[in-house]
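Pasting in a structure now, in structure tokens, and then I'll have a few things to ask.
Should a chain be cited, it is by its letter among A, B, C and D, assigned in written order, with residues numbered from 1 in that chain.
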Amino acid sequence: MDAIILQILNGLDKGSAYALIALGLTLIFGTLGVVNFAHGALFMIGAFCAVTLQRLLGSSRTIVDETQKDFLGNPLKVEVPYVHDWFGPEMGASIIAWSVPLAILFAIPIMMFVGFAMERGLIKHFYKRPHADQILVTFGLAIVLQEVIKAFYGANPIPTPAPPALTGAFDFGAMIGFDPNTIIYPYWRLIYFAFAAFVITAVFAFLQFTTFGMVVRAGMADRETVGILGIDIDKRFTMMFAIAAVVAGLAGVMYTPINSPNYHMGMDFLVLSFVVVVVGGMGSLPGAVLAGFLLGILESFASMAAVIDLIPGINQIIIYLVAIVILLTRPRGLMGRRGVMED
Amino acid sequence: MGILEIKNVSKNFGGLKALSDVNLSVEENSVHAIIGPNGAGKSTLLNCLVGKLIPDTGSVTFMGQSLLGRKPHEINQMGVSRVFQTPEIFSDLTVFENIMIPCFAHRDGAFQMNALAAVTKQKDIQETAEAILEDVNMLDKRHMHAAAMSRGDKRRLEMAMCLVQEPKLLLLDEPTAGMARADTNNTIDLLKEIKEKRDITMAIIEHDMHVVFSLAERITVLAQGTPLVEETPENIKGHPKVREAYLGEAQV
Amino acid sequence: MLGLNKKDFQLLLIVAVLALLAPFILNPFPEGSGLAQFNAGYPDLMQRFVIFGIFAIGFNILFGLTGYLSFGHAAFLGVGSYAAIWMMKLVTLNVIPAILMAIVFGGLFALIVGFVSLRRSGIYFSILTLAFAQMSYALAYSVLTPITGGETGLQIKATDSPILSNLADGEIGRANLFGMEMGSSYLMNVGNWLFTFNAGYYIAAIFMLISFYVSIRIFRSPFGMMLRAVKSNQQRMNYTGLNSRPYTLAAFVISGMYAGLAGGLMVAMDTQVGPERMFWTASGEVVLMTILGGVGTLIGPVLGAGMIKYMENIISKINDNILHQWFAFMPDGIEDFLVTIIHPFIGKGWHLTLGIVFMLVVIFLPGGLVEGGQRIAGWFGKGKKADAEATDTDAGTKPAE
Amino acid sequence: MSKSKLTRRGVLKTGAYAGAAGLATPIIFDGSVWADGHSGFTNAPTGDTVTLGFNVPQSGPYADEGADELRAYELAVEHLNGGGDGGMIPTFSSKTLDGTGINGKKVEYVTGDTQTKSDAARASARSMIEKDGAIMITGGSSSGVAVAVQALCQEAGIIFMAGLTHSNDTTGKDRKANGFRHFFNSYMSGAALAPVLANAYGKDRKAYHLTADYNWGYTTEEAVVQATEGMGWETVNAVKTPLTQTDFSSYIAPVLQSGADVLVLNHYGGNMVNSLTNAVQFGLRDKEVNGKNFEIVVPLYSRLMARGAGANVKGIFGSTNWHWSLQDEGSKAFVKSFGTKYGFPPSQAAHTVYCQTLLYADAVNRAGSFNPCAVAEALEGFEFDGLGNGKTLYRAEDHQCFKDVLVVKGKENPTSEFDLLEIVEVTPVDQVMYAPDHPQMGGAEATLGECNPGA
């Protein structure tokens, strides 16, 4: 039982990441109808916002310490971050340590800008182009973005830990009445889950309760009619794209302490997020979220040792297997709308 | 016994009754119009005939054979062709190809693995296609992309595509919808001409009474999923039930 | 001629001549010159050009004609490869049976995947094919290691003794065609130029020409017209008494067989298989090749395949050293400046260049490289226009929405 | 390849192509590659230069490792051609290298991108052989690539000097007469680690393995399981994880419930970074199980990857082929040479490829020929010293180097981003020795085959 609960937690956690990425993707792909292969790159750029902020906060002056030697036997050069100078070593260190949460504020304007620039500069011209062209241009863009990041940060993963106060794990099992030491769960992962839930709720509320959201939803349903009403739907779609970029970016920022980011993390998630969106059903935001959590949980269960012993290799294919079963039993995924990307 | 027999057909969508207990018989070589206000179930009925929808209850037989459970292409191969409200043609293909495709379907059936044969070598198909294009005065447009044609031309093309298959029953879903009066008249003339030249049965769904009374030999009035009256055009004018259906009870 | 109209026959002839003379055309620069770096006329790359050309031609029969975008085509290539190498390990080192096996298995696997996936259309179909391919990849990499060799793949080893080949004890078998080894080449020195005529390349090129020819026939056949009808309006197709499922399935299987053939040829030319041949990026690559060249055009996919493989194999091998050699004649400052400017786009930066090319092509040449060719031909006036027009077809195979 | 076959083939070809010979001066040759017919082996250098092929990952997850290898190669070429401070040439026990290139020919090189995919790696290697006339191929950062390229070189008649490849298979079941490995392997990791672990953590331990689900993972798991069980440990469970996995939470979380008190992560590269980060996140290291501190072990360490895991590596045991903090003369010379040129210390990948280049050059000099068979003969059974790992043997039976293995531990207080590991023990070579037909190495069936000079 505790093993199951543990895997449900893991599943929710993985699901949060899938759901967040899929949510952004489905705004662009499921509703604007643009096959956006650069969406993974947005996730990656978000993660590198955290890395960049960490570097910025850690920018330093160099002093030479004669008492220590470096690997060549020369006096050791010690980097002293400016924040240490300004706020004292302790305060300075903790500011750097909090770079990931701080990066949320840092990433929002950046991702807004990236999304805005991408839509206005490129995607806008491709709404009416065939999907094939959209694939080629967004894939090209994804590669370019990825290579630019690689040129600046290298190919290796870069550690971006959570603040010390939020690292470590606690005994979740004991809290809900299990034996101690059975269900241990890291703080940061629960924070990630809560954060994802918050962002998802915020996006839904935004689309549900604001006039902006209503117009966008109407536009998704019937773009021409809204256009006839004299509402500039294009401008709203640009905003929508920016929001999708922010959602993907924030998912990336918060993900960095879980796995050290590297330049191709976006591609790793790209295929998976397409699967999630399609399994959720094209054009359905709740579908994408639901599918994200469903696949996350099933993936977690499939990785249990007992399950793998029973069906070797199941952990390798579970997501795709589930996708096939769902798409064969439900023609438009879990909650898909008729006629979206069906031809 | 008509060529098309519809017996006790009902169809529900969720809680909504689209068709309830429809009985209809279309005589061979007649023109039968189905009229009725919006939402009367005309389109649903048509969709039940061509295999797009399967009725919940009842039976549909065409020339003595049941149509239920058959796929659209099978029904077409039995001799039922359909013209859509907005012309459904192969817009990415040329006019000539648009005509050739039904020619192949008529000659080779629902599927033929002829991947190495050349279209240009199929003389019989080419000739038939050219002949029918000449019939509809489109021979000069044969290399045009179908998408580039006017709406009226698309309509005529679609009609021609249906006719090369020599259907026994032609279903027309508002063939003059959105047309100017002149075009409507042309269409009426075209349909009359077709009727004269061939042994063909037509079932027309139509709003435009001018079209209905110009063509139809029998008229069925459908309202709220049920046939109210089936009569000749002469008798249908002024029929109280029809007025009721169209204008509402308050007027009676 | 060969059942083709004049234009198509001309196109086939041009492609055949290009393929035949590829060792000359791809080696325009003399040995030892700075630009020799750009020469692509060596066996491996020439083989890859035609093999990926075949793969893309086959993919285009499905995607270009029916509009069904498969995102798992690499799986058929992989299955074909595995079938071919097992044939060589167990039965004979002659490449023909191996290639036939590859086609059969590629087709069979496509039949299974297609039968299931074609129940859906649009993006749902794409994801189904993707899922099958990713499962094949994941399993081949891990639990199927006994059959696939896992990460390290399969090669022909000294311990393999195919029943129909007489190998000396401990001799490592080599792929051959009735005794002619795929690796054997004939070298020709003309002045400073060195041209390589490789047996394997010509065998692959013959397969490519056959594939290309068959693809033209399919494009011009009633079957091909039906496939375009599927793409254009499936509803009308069904109401015209045509069953679209067998048509799409046949197209899927044919393109799966093309992929299998490509996989078999890969093994014939270079006797090894690794599972990453089936990874989604490999499936994505053929999609990109086709779009880059021009969806639905006859020659486009081949051009796209050539372009991507050229970048991958030539640009990635240019390093700073070579740049310095190129610009050595310039003053030091300018030399260093130029090297610094170009550095990000070469060597390890070849991906960046590729990405930029993708974007430029799709922005400025909406019809792919074929459109570029047409425009160039257009500048050269009417005399040469016919060639380029032949690449696109008058039968309305423009990329459609 | 027997000689008779060579001749027969030669005759066959001459006949077959005689008709086309009118155009110019044709060279007719056999085998898969270019050759000067007279020297009897592939790509025999004719001018005053010789070309080596450096085939490293330049894109994909191991691009940084590849970049470091490339730096070391460039350094080695510089040293072979008499440039720089000579690096390890002066400390190398064999004294044939004198700064005049290899066998009197100046060394040139070409580079390529393996993308860490066997297809791409072979394409790149083939272009080096066919287009650039490379006489030797070296590099790589994974066993899949090493095995694939090694097989290619065997077919082509080229020497392959493996780069970073740790799987037993490279010199085990997939060993080839033309291929040589300086790097250590899974078996050696297990054999070196087990005693140190037993010493540090006690003999009564229960281990839980997470293993990357592919060949290298299997061999490493097997090696570590056997070695630690030999010390008295018990293996509670071994779970395979997909290569493409990025979040290992669902594999890590159940570890505590299994009653295990040691977690062994048979992961490399990005997998290792992520699984280790996740394991530390789940607080495994703060736990006590069976009355003992819970411990984590990473059998194969790489400093570059350790950097990705950040502070999580602190105190975690693993093994490595070489580390820049070694204090022997060879290592010091190499670190100085590399560090002066590039500003940071070399990685183990850089070290192994540098050694391989020198070893190849020296073997050619000693053999007096570039003929792969002569070179192989010179390398087989070659004993040397001064390349940073102490006394080393290139064993004739499987072309594997036998040398001391380093057991390292993540450093508690690193002074720089390069100073992440500290050496715990230098396991003497005798302890990691095994028979060439060891079951983990493909058993009696594994064979080098015959040396192939190509042509």
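Everything that follows uses one rule, which is that contacts are C-beta pairs under 8 Å (C-beta built on N, C-alpha and C of every residue); 3 or more make two chains touch, one makes a residue touch a chain.
These numbers were taken from a predicted model, which means no experiment stands behind them.
Listing every chain that touches chain C and chain D alike gives A. Path length between chain A and chain B in the chain contact graph, taken as the least number of steps between touching chains: 2.
Using the average of C-alpha coordinates as each chain's centre, B ends up farthest from chain D. The innermost chain, defined by the distance from its C-alpha mean to the mean of all protein C-alpha atoms, is C. Between chain B and chain C, the centres computed from C-alpha atoms are 46 Å apart. Per-chain Cα centroids separate chain B from chain D by 73 Å. Annotation: 34 Å between the Cα-based centres of chain A and chain C.
Among all residues of chain C, those that touch two or more other chains are 138, 141-143, 351, 400. Multi-chain contact residues of chain A (touching two or more other chains): 313, 316. Chain pairs that touch one another: A-C, A-D, B-C, C-D. Within the complex formed with chain C, the residues of chain D that make contact are 1-2, 5, 9, 12-13, 16-17, 20, 23-34, 58-59, 63, 66-67, 109-113, 117-120, 122-124, 126-127, 130-131, 142-144, 147-148, 151-152, 154-156, 167, 169, 174, 213-216, 218, 240, 242-244, 445, 447, 449-450, 452. Interface residues of chain D, counted against chain A in their complex, comprise 59-64, 67, 213, 237, 239-242, 244, 246-247, 249-251, 253-254, 256-258, 270, 273-274, 277-278, 281-283, 286-287, 304-305, 307-312, 324-325, 335-336, 339-340, 344-345, 415-416, 418-419.
Looking at the complex, you find that chain A touches chain C at residues 35, 122, 125, 129-133, 135-137, 139-144, 146-148, 151, 267, 271, 274-275, 278-279, 282, 312-313, 316-317, 320-321, 323-324, 327-328, 331-333, 341-343. Across the complex, chain C is touched by residues 50, 71-74, 76-77, 81-82, 88-94, 97, 100-102, 104-106, 108-122, 125, 143, 145, 161, 165 of chain B. Across the complex, chain D is touched by residues 2-3, 6-7, 9-11, 13-14, 17, 68, 70-72, 76, 150, 154-159, 161, 167-170, 181-182, 184-186, 188-189, 257-260, 262, 264-265, 268-269, 299-300, 303-305, 308, 313, 315-316 of chain A.
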